[in-house]
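Lettered A, B and C in written order, each chain numbered from 1.
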Amino acid sequence: GRMGEGFELVTPDREFSLGVRVLNQVDFKDFIPNDLDPAISGLYLPRTRFYFSGRLTRPVEYEVSFQRSVEGVLDLLDGFVNFAIDEGFQIKFGRSIVPYSFDWYDHLEPYFITPERSLFPLNLGLSRQAGLMAWGYLGEGRLEYAVGGFSGGSIGIADDNTTRDAVGYLNWRPFLHTDRFPALRFLNLGGSMAGGRSVRPESERPIPFRTSIQSTENSREAAAASITFFDFEEDVRQLGSRFQGALHLAYYGGGWSIESEVQAGRFQYARLGTPIRPEVPVVGYHVTAAYFLTGEEIPDRTTIIPLRPFDPAHGLFGPGAVEAFARISQLHLGEEVFAFELANPADWTRNTYLTDIGFNWYLNRFVKFYVDWQHANFGSPVLVNEADGTRSRHNDLFWVRCQIWF
Amino acid sequence: GRMGEGFELVTPDREFSLGVRVLNQVDFKDFIPNDLDPAISGLYLPRTRFYFSGRLTRPVEYEVSFQRSVEGVLDLLDGFVNFAIDEGFQIKFGRSIVPYSFDWYDHLEPYFITPERSLFPLNLGLSRQAGLMAWGYLGEGRLEYAVGGFSGGSIGIADDNTTRDAVGYLNWRPFLHTDRFPALRFLNLGGSMAGGRSVRPESERPIPFRTSIQSTENSREAAAASITFFDFEEDVRQLGSRFQGALHLAYYGGGWSIESEVQAGRFQYARLGTPIRPEVPVVGYHVTAAYFLTGEEIPDRTTIIPLRPFDPAHGLFGPGAVEAFARISQLHLGEEVFAFELANPADWTRNTYLTDIGFNWYLNRFVKFYVDWQHANFGSPVLVNEADGTRSRHNDLFWVRCQIWF
Amino acid sequence: GRMGEGFELVTPDREFSLGVRVLNQVDFKDFIPNDLDPAISGLYLPRTRFYFSGRLTRPVEYEVSFQRSVEGVLDLLDGFVNFAIDEGFQIKFGRSIVPYSFDWYDHLEPYFITPERSLFPLNLGLSRQAGLMAWGYLGEGRLEYAVGGFSGGSIGIADDNTTRDAVGYLNWRPFLHTDRFPALRFLNLGGSMAGGRSVRPESERPIPFRTSIQSTENSREAAAASITFFDFEEDVRQLGSRFQGALHLAYYGGGWSIESEVQAGRFQYARLGTPIRPEVPVVGYHVTAAYFLTGEEIPDRTTIIPLRPFDPAHGLFGPGAVEAFARISQLHLGEEVFAFELANPADWTRNTYLTDIGFNWYLNRFVKFYVDWQHANFGSPVLVNEADGTRSRHNDLFWVRCQIWF
């Protein structure tokens, strides 16, 4: 949860501050072929966010933020207080990002390489929850840790279904202060794990699995904005235990960003009115590489200040920063999903492979365009058009996102 | 989309700014006769809005705004980036007002003459949608144009039902820089058109047609806040083509504001489960005139700074600005609406005539009261009381709105 | 509606201002015993609020605010203009707190002694409504009055069910400017009353009565966050007359805060499809006492500035302010609720007694922790576990709230 800049109001003694930050994303998505249902080509507004954050005397930091997501209404995003006792030991209480998965916890959405997260964290990440968490940086920043208890639950924001979840995260940058391997200075490696138990079925079946949208509600709008490759039967609920772990390796340097993570989990489901409680193993991974063609170098995913900005008002006609990227991502669900009739094998698949190739154009530090070609391969035919029953083993998406962030 | 003042935070180089604006409206509505259902006399909050806008280096402008409307929840209003390449060619990408109808596109709600728009744009305007639009001012401001593709859809804010809509708008002020006709300097004439196609029925029937509320949801609250004069049958959906055009003539000068617009459209509907796809022609117009009794003169609908403000704290006991207004407005639906059983002719009308007479009181530049008497005549009796079945050919509304806007 | 501090933007002439204030509360609730349904121990976010307020020339004040509550979505909290003609006569128009009950009207939520209001105002208070109200302070602040008409309605924020409600409030501080009884300077005594009529049944049955949550929606989330001790049958609606009065006595001085209020009301209900329209008498009271162990003294419930703050960054390791508190609160419903089958006597109770004992820790002026032990006694067994049918005559709640407010 590093926050960057935006506008900040500060008292003269610098003890009390209020900063305002805004994120707005507009997507144009063109699905190929185009005659899909419910997915439909068009314009979407995946995230509009307001952040209000600052401090209430130096060691007490807060953030309260709101989001309008594509499928929902304007709702609370974060609301927490962080007691920064020292850099190595901080206590965060309230709703914030859960420290599970590097793809979720290391950096905010505006700093992504690809427009959205890879398949496993996109569909099974723990997103934001209310919790109590200890975290900090040890060894002059070499080791970042976080451990906490969270409210659990993936639909909506209230804690109405669950015992507490336990989550832990480690990120190690072993060569951060070593002169022997300067090229490896920003090498990150680490892992995270999370476990919990749903003691009561949620009011709805779990969110379907999708390729290109992060959602917490299974609305008509969410279904329109992405291919769905796996949907649960109406009577399926998340109930019982869940456990997931992830290992990550990331490297930043020389204009490169290389991120990879492998995830594995076991999730228990129930079919209402039956005693069936299958545990489904799920594995996934992604490897993402990006390179700045225009010479910028970054120590992590952060604000990009183009070396040759495009700013006609000052007579600057530079190209901005251009970053080419590619990603492969896969998600594999255990055969239990079909064996226990959690979903219909005629419509959905247990294996999805995603390839993204594209580039990001940073006009200046505030404005970023993502241009992405996303190719999805499915292990078995997927119902891509509910209206006429068409099933397909692959789909392409041409995707342009315009983002402002300050 | 001209924005006025409010508070603005700006970096010293003036390249990065964040402005905050607030609109709040409180209505007292007294329906006469008073025993209506669902309409009910009382207090309503038609619009509470927050605007955050500014620039991210000079040519990149943004706006992100939220609205709580009478019938809905707090939701995204606008979210766009505007690339102001030069005054004559600008590109806007994101959710914003659709450039269809002078009544919608020329000026924001706080600058209205009457509390709400006239019948056609109130019920069939394109409101706000996600889109990509080129626009600008040519000939030193004489010609304003806008042309774009939009997401379509009138219910909610997501693009889940439609191919792109095409929209175009022109506003010409031929005498803006001519000395020959100084009285005609702020004469505006122009037109706009929009066309699109719904490829998939929305989840709900279209919003009913009402006299005094702008709404995007057919909720109990919306029904309470206005007379409804036309409501579709439950199984009707907007499906197929829609096309509409408008011509406008407006004049500002010598304390007068005169606005008029005539609209015509064809809208295709479907009855679920039937092959019926009737196209319904709709025509409407309005003529509105207003005059400042207190001497203020304006070049267009904009912030009013009273010549003699009411500000007791500074010993100023002026009357503020007072603007008398009158408007006639009509909406006529084709006979297809009853012939194809899209609505029940025993309950609803194809012809509505609205007369508004009243005045606006501008206490100072921030605070405005609308005092309006609205008389509605219906071509055939309208079901004004669902509880006891009363139908009526007319209705009166005494309407006071208190607005703050900065 | 006194507002404190936060950040404020002001024009140089001080005539136009915009202040921003934020409230965020995070609750940890542990119910004992713990196997309840729907109530569940866990983390909750009862209130996240944004206030935007200021003035539009000196005598015109405004406030627009939003709240995300535990059970709902982000929605409008207040939206009003106040014309401060002079201290003794002010007109407020719009949505704001209704001046009924000292517990509601005298001070905002962040200044509470206990985390939530006592039983009667918690469940039957008038909360916030749209209205027109005259109010002010007479006799150099000795007498505060408020009288107004409001929209009525307890579910949601729209006025869709009701004629106007009339509400009046008085608070007298007889010794505020007397030297004879300096210890009684901040003695408050007064009363309030409200009456109205629902002319149309709301779309939902009334909100159930709960021990530890303020809610305007009967959602799954609200049910999870509190014990419910009385729930209406599905076909019950508020319809007909309602009338309630309250007398209060409060004292602040010498580090003490003592508040007490007794309430009585008659509320008419209907069972849909029947002619039954019983009037139910309800009485309630609370007595609350609190004392600052760390020496702070306050004239009313307001911002606490600890005498010995905890601020390690400045080498201050004081204890902050610590305020011990205790409260007893009772609610008694007339036998009509069971006699007319408005609720099931096997599941719910007419008598609830609540005892709260705890302390508040004010880390600094912005950060406050509530630590509360709440014991509930019920006059008859209450259905505390819907899943297994467990009924109980008592329940305990260990409750920690972390609040930031500026």
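In this text, a contact is a pair of C-beta atoms (placed from the backbone, for glycine too) under 8 Å apart; a residue touches a chain by one contact, two chains touch by 3 or more.
Please read these numbers as outputs of a predicted model, since none were measured by experiment.
Engineer: Copies chain A and chain C touch; is their interface built from the same residue numbers (over half shared) or different ones?
Structural biologist: Different: fewer than half of the residue numbers at the chain A-chain C interface appear in both copies.
Engineer: Using CA atoms for the superposition, what rotation angle relates chain A to chain B, in steps of 5 degrees?
Structural biologist: Rounded to 5 degrees, the superposing rotation is 120 degrees.
Engineer: Need the CA-centroid distance for the pair chain A / chain B, whole Å please.
Structural biologist: So the centre of chain A lies 38 Å away from the centre of chain B.
Engineer: Using mean CA coordinates as chain centres, what's the chain A-chain C distance in Å?
Structural biologist: Distance between chain centres: 38 Å.
Engineer: Specify, in ascending order, the residues of chain C that touch 2 or more different other chains.
Structural biologist: In chain C, the residues touching two or more other chains are 73-74.
Engineer: Could you please specify the touching residues of chain C with respect to chain A in the complex?
Structural biologist: 6-7, 20, 22, 24, 26, 28, 37-38, 40, 42-45, 48, 50, 68, 70-71, 73-74, 220-221, 223-225, 309, 311-313, 363-364, 366-367, 387, 402, 404, 406
Engineer: For chain C, which residues are in contact with chain B within the complex?
Structural biologist: For this pair, the touching residues of chain C are 9, 16, 18, 52, 56-60, 62, 64, 66, 73-76, 79-81, 85, 93-95, 130-132, 150-151, 156-164, 199-200, 203.
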